[in-house]
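Just passing along the structure, written as structure tokens.
Chain lettering (A, B, C, D and E) follows the sequence in which the chains are written, and residue indices restart at 1 in each chain.
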Amino acid sequence: MNIYLLQIINGIGIGMLYFMMAVGLSIVFGLLGFVNFAHGAFFLLGAYACYQFALAGLDYWLTLVLAPAMVGGFAWVIEKAFLHRIYKLPHEFHILLTVGVALVLQEAVILQWGIVGQNIAVPEALEGVLILGQFVYPKYRIFVIAFTAVIALMLWCLLDKTRLGSIVRAGSESTEMVSLLGIHVTRIFSYVFALGGATAGLAGVLAAPLRGVEPFMGVEALGIAFVVVVIGGMGSFAGALASGLLVGVVQSLMSTLWPEGARLMIFVAMSAVMLLRPNGLFGRT
Amino acid sequence: MILELLDVHGYYGKSHIVQGVSLHIKKGEVVTLLGRNGAGKTTTLNTIMGVVAPRRGTIRFDGKEIAGLPPHAIAEKGLSLVPEHRGIFRLLTVEENLTMAARRDSPWSLEEVYRIFPRLRERRRNGGSQLSGGEQQMLAIGRALMTNPKVLMLDEPVEGLAPVIVDEIVTQIGKIKESGIPIILVEQNLAVCTQLADRHYIIEQGRVVYTGSNAEFLADDGVKDRYLGINIAA
Amino acid sequence: MNASFLSQYRHLAMAVATVLLLPLVLTSGSLATEVLIFALAAMGCNLLLGYTGLMSFGQGIFLGLGSYAAGMALLHLRIPLIAVLLLAMVVGAIAAALVGWFSIRQRGTYFVMLTLAFAQMFYFLAYTLRDVTGGDNGLLDIARPPLVILGQRLLPTAGPWEYYTLVAVVFVVVFWILQRIVDSILGRTLLAVRDNEARAAAAGYDVRTLKLIAFMISGAITALAGALHAMLTGIAPLSNIEYGTSESILIMTVIGGTGKLFASVLGAGFYVLVGDWLSTLWPRWLLLLGMLLIAVSLLMQKGLWGVGMGLLQLVRRPGRADDAATQRSAAYD
Amino acid sequence: QSDTIELVCPVPLSGPFAANGKFSEMGVRLAVENYGKLLGKRVTYTTMDTEGKPATAVRKVQEAAQQKGARFFVGGILSSEALAMSKEVDKVRGVYMTIAGADEITGSDCNRSTFRWSVPTYGIIDQTVRQLAEKFPNAKRWYTITPQYVFGEGLLHWSKEVFKAKGIEHVGNSSHSLAEKEFSGYLTNAMAAKPDVLLLLNFASQSSDTLRQAVSFGIKKNMIIVVAQSAGLEQFESLGPDICDGVYFGLQNWHGVDTPFNREFVRLANVATKSDTNFTVTSTYTCAKAVLDAIKKANSTDPRAVIAAMEGMQYEGPTGIEEIRRGDHQVIKDFYLLKGKPKAAMKNKSDFGDIVSSGKSFLPVEKTFCKMA
Amino acid sequence: MTEPILQARNVVKRYGRFTAVNGVSIDVLPHTVHSVIGPNGAGKTTLFHALTGTVPLTSGQILVDSVDISTLPGFKRVRKGLARSFQVTSLFPNLTVLENLRLAAQGVDAVQALHPWRRPESFKAACETATSLAERLNLTLVRFRPAGELSHGQQRRLEVGMALAARPKVIFLDEPTSGMGVDDIGDMKQLIFSLRSDYTVVLIEHNMDIVMDISDTITVMQLGQVLVEGAPDAVRCDERVRSAYLGSMITGGLR
């Protein structure tokens, strides 16, 4: 097999993970209109929840359900306890608050699990590699691609095809009008924020066996999520998917073409997209 | 008596806008709130809906106190406001605008709304941002109907509409009235008001300064002159 | 007497007082200098956030570029201090024009994300162009030349307090200029752009140019801060251009309060000093900082400036409400 | 004047290298607590958070020097911050000892005030790559993964020298940024080049990430993996034995090496930190102790006298007798190569592998580019 | 015959595949009130957008005093003498009424706006325009209030004021009376009529009372095209206009 083809496959694997990291940020942005800087911290929590469950000997498949649910629940609490009170303020306060939450969570993780990174074993059923000609690819990465694709489909149905999805989009314009229609919009905020947290948590769980856990992994994930959302178009679900894949593939191809500039090229790709489509690939004008 | 306001006061921050409004509306009735710009008509509606929290006074809906409830709770009970800015969701299509508001128990279905406003059916796939002013107004009213209102409040519903459409909307409001939904109408267009309403209130500086039946109002040029500045004689 | 004239000098007096007060309360000249340097950066950010409605998450770009520009000038060119500072400002303004050209088409949160992504891009650019920037090591051995004007040696800068004096002078001058700018026709027009871009365009304003100008002024000032910082530490490190720097500058600005220049001085002072203090208390001091940020966003929504004004009002004449109205009219007459 | 001698420990306590900072702090603390009185004065220390940023590090050094007149500094994990601080400490004519890796510290950027404990890149490669090249003469194809900064490039440079000398084919290199966490692209590339040996030149969590992902790609089965500069026990603990098994690691020190220092220190560390110490704790401890010893030897807290005492000083260190070379202020000491072993073979929880070889490899002072003023 | 001050030739505006304005040509004569009416969605506002540069043209030509301005961005057209009000109120909500008007008055002078040193107060002409307009629009009482706090009707008046403040050659008013009180409508009608002596007015209005009384020319649009153009009486009697638009005309106020 051709090395570039392999890198593209690998890039899809990375890209699906990036999509998962970014989609929640995009959804939350879509409804609430601000950048959730605690998004990376939710990713971190998901990964550590996975670590903790693995220590406790819990089945990985159970973790895959439980951990995101817990992170989502936690996000819900954060929303209720803090964000709820400051929706009316300008966005800089939302950012300030979520930056604060991110810091607190990261440091709390250090206090609880220590500052040294830890390894998490790949679930037994997915151990080993798949042999594609002369090329091998870890089974677990294949699983991540497939699983994320299913989740993506579910999310898309939820946000585009249901009444809840309409409400979420409507709420991103005027919460007052939505509540005038008898919809408890602040409750929807909480749900969506929790959903965003849960997707980040899920990304964390999926990433943990690939990258291990360490307390600063959230910062990097947040950075990636930003770029993915900017390229894809804020609040756009399809955009997050397309641009997650784009970033993954660019990064992976660059590892062969010009490894020193792999990261830089992501941003060059971003500029190129911005130049051609100022609102991102799928951004609304 | 389906809705009743007693000595209601409403504020924007420190400015005291609604200064003790009392009014009521019965089943099947259409009443109007009239008054000059800035008199406090919109604010009164906002106070009823809880968008502006009433600081004093009682608001009873179906015999139950609703003052102090959040807007969504009030709306859920069956009070529905079509605001003067219409509040169309630009990111949603016409149809999504309608369906997102739909309640299962509402006698007003999508079909029903399209039947009244065929123009909406034509533009059902259009984004809310791509509607002309009149289309937006139709959509706003249609959407309010989808929520199964027990009292409908319309804030200047024919503002900016072409005369034919005004005719159309007036006819439709008439139909809504016949279906038994009581309506509070804020409107500058007296012709519309007098065609539809059973009673009128005139508000000035946040107080009700006149109330009378449609017939009384029509006959009393002095009132119109004094409170609304219409110089009929001229 | 003109009311805004008075208020202009009131703020300038506060800035001067700050400059005089810092040496009395701090024993480290470096720390005091850093406060002023970040105050400059925060004012640059405030010009965007408070006056133009642009929340820039890319101010680190200009701080970092200012550091690099000053570093390279001092390492490779033999030009006087003033020229170094001006050069840094020009570099900052050009970079701002570039970043701005891309990003100001966007509004609100999209703009935030764009500038943030740009911050990352410049970081990796600086990282990758090692021959110019020194990569991860940064530029080392940056000298601190004395202030020489027309062959006259005006100020030595070697000692910490000597350097503080230089920075203080720069700070006061920039504060005064910025105050003039925000009170000028341009400043007031920027406020209009912040409020409603479409209307500003329909009223005949070239919104993009206006925003670009604000962005460039901000970039120049932030780069100036970066140049001064490079001379303070003797290095132009990669971390100055990092996303974290942008974040800090924005946080300072918000904590101080937007829309008043002096508020940014308060914000920067608070952030730098509290950060310095907390970090000595506990290795996990970021936890405390995080809580502080949460507390500020929940409880102190007018920023430190607002808190200060609130206290002042309480002391001066408790319970006067019509103040706002007189202020408004004062702003106009 | 004052009745205390103060050590200042500027290390990253927050940010991605906070783990090392925390262990450094621990090392300094152990050294200070166990030192007792020195010249009749109490020894104290303060840790300062550099946040991993050179500028912050410099500013904090300035602050400590200005506020408290501090002159003795031990710390600095990252090459960039250590380089910057070394210059600042030299400006205030203090004493600075670090464990950071950049060759410049005792090379082209060396100065009177600065000392370095860790073996520089030349020695690391000599003790790992050269050893293994000799051990596996048939492994002729090597692939490298390198972080883009001085330390990584130093390692790459010397590796290439060895490759040339041994007739090894360097089949590829992937350089990556210090922010990288995703290595699958580089690994895919490496596998396509079909090397016999995969040489990881990155450090700390990045080498852990690379190693982990390499293992998941099944690379261990068909090539030898070498981590040139490992962080030691802390890294093995976080990776677990399954991943470390069979991998070669370069080490600055190892608690299992039987030296008087280790016998004493492992016991001490077990009391204080309930673990068999690790690279960062031990090395910073050693630095702090060396500085304090020098103060004792000089019988003065005048930095100039202390520097003089340090130059040429010999002391019991974790690798045995260690010596501070006068010409470039580099500590001359052993470097180890360890091979990870399977979980079943571990005799205790810290027994992750066996030392395969060790030795001292240093460039002569003339070749280090160090010119001291 | 007088030269038209504003000419639109074959103006087309497409949004994606939808053609909102489809080849409209109009000539506006100086010192007249030229009204554009038509059913909702006929493309009147879009025509305004295209003429004033709020949205770019798809094709067609726009001449002001015979100078082609079709490709100028909106803000530059203001300097060529076009000013507008918006159908959906668009003000500076956090600035005071006077400041809103001052900014609108200052906007014609592009260079002034960039002045980083001079104080706005020193720009006397704009300040005076603002004050007198506030008076004229009956907003003196609320002149120091932020525009966002005004009632709908007050905002509508300010909206018209914003266009007037620019002292343009041609002033575009998009439904200036919508939301205005019955009493004010009369005043507004007088105001618009009086503008005719100094300016040229292009007016979109659904209030036939106003349109029929003060227009010199009326263009009726339907489905993006011109249906009829002519003097008020001709338009009023046109059967197509009656059925497409006028209906029974209860909008005309109380009669």
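Please note the rule applied: a contact is a pair of C-beta atoms (placed from the backbone, for glycine too) under 8 Å apart; a residue touches a chain by one contact, two chains touch by 3 or more.
Note that the structure is a prediction, hence the values are computed from the model and not measured.
Shared contact partners of subunit B and subunit C are A, E.
The minimum number of touch steps linking subunit B to subunit D comes to 2.
C-beta contact counts were set side by side for B-E and A-B; B-E has more.
Taking the CA centroid of subunit E as reference, the farthest chain centroid is that of D. In this assembly, B is the chain whose CA centroid lies farthest from the centroid of subunit C. Annotation: 48 Å between the Cα-based centres of subunit A and subunit E.
For the pair subunit C and subunit D, the distance between mean C-alpha positions equals 38 Å. Distance between subunit D and subunit E, defined via averaged C-alpha coordinates, is recorded as 74 Å.
Note on chain placement: the centre of subunit A and the centre of subunit D lie 35 Å apart, centres being C-alpha means.
In subunit B, there is no position where the chain touches two or more neighbouring chains simultaneously. Multi-chain contact residues of subunit D (touching two or more other chains) are listed as 18, 22, 148, 177. Among the residues of subunit A, those in touch with two or more other chains are 110, 223, 260, 263.
Across the assembly, chains come into contact as A-B, A-C, A-D, B-E, C-D, C-E. Touching subunit A in their complex are the following residues of subunit B: 49, 51, 70-73, 75-76, 80-81, 83, 87, 89-92, 96-97, 99-103, 143-144, 147. On the side of subunit C, the complex with subunit A involves touching residues 49, 55, 102, 105-106, 108-110, 112-114, 116-118, 120-121, 124-125, 127-128, 243, 247, 250-251, 254-255, 258, 284, 286-287, 289-298, 301. Taken together, the subunit B residues at the contact with subunit E in this complex read 12, 15, 35-39, 42, 84-85, 119, 130-135, 137, 156, 158-168, 170, 188-192, 194-195, 224, 228-232.
Within the complex formed with subunit C, the residues of subunit E that make contact are 52, 54, 73-76, 78-79, 83-84, 86, 90-96, 98-99, 102-104, 106-108, 110, 112-121, 123, 144-145, 162, 166. Those residues of subunit A that touch subunit C in the complex are listed here as 29, 33-35, 82, 85-86, 89, 91-97, 99-108, 110-111, 223, 226-227, 229-230, 234, 260-261, 263-264, 267-268, 270-271, 274-275, 278-279, 283.
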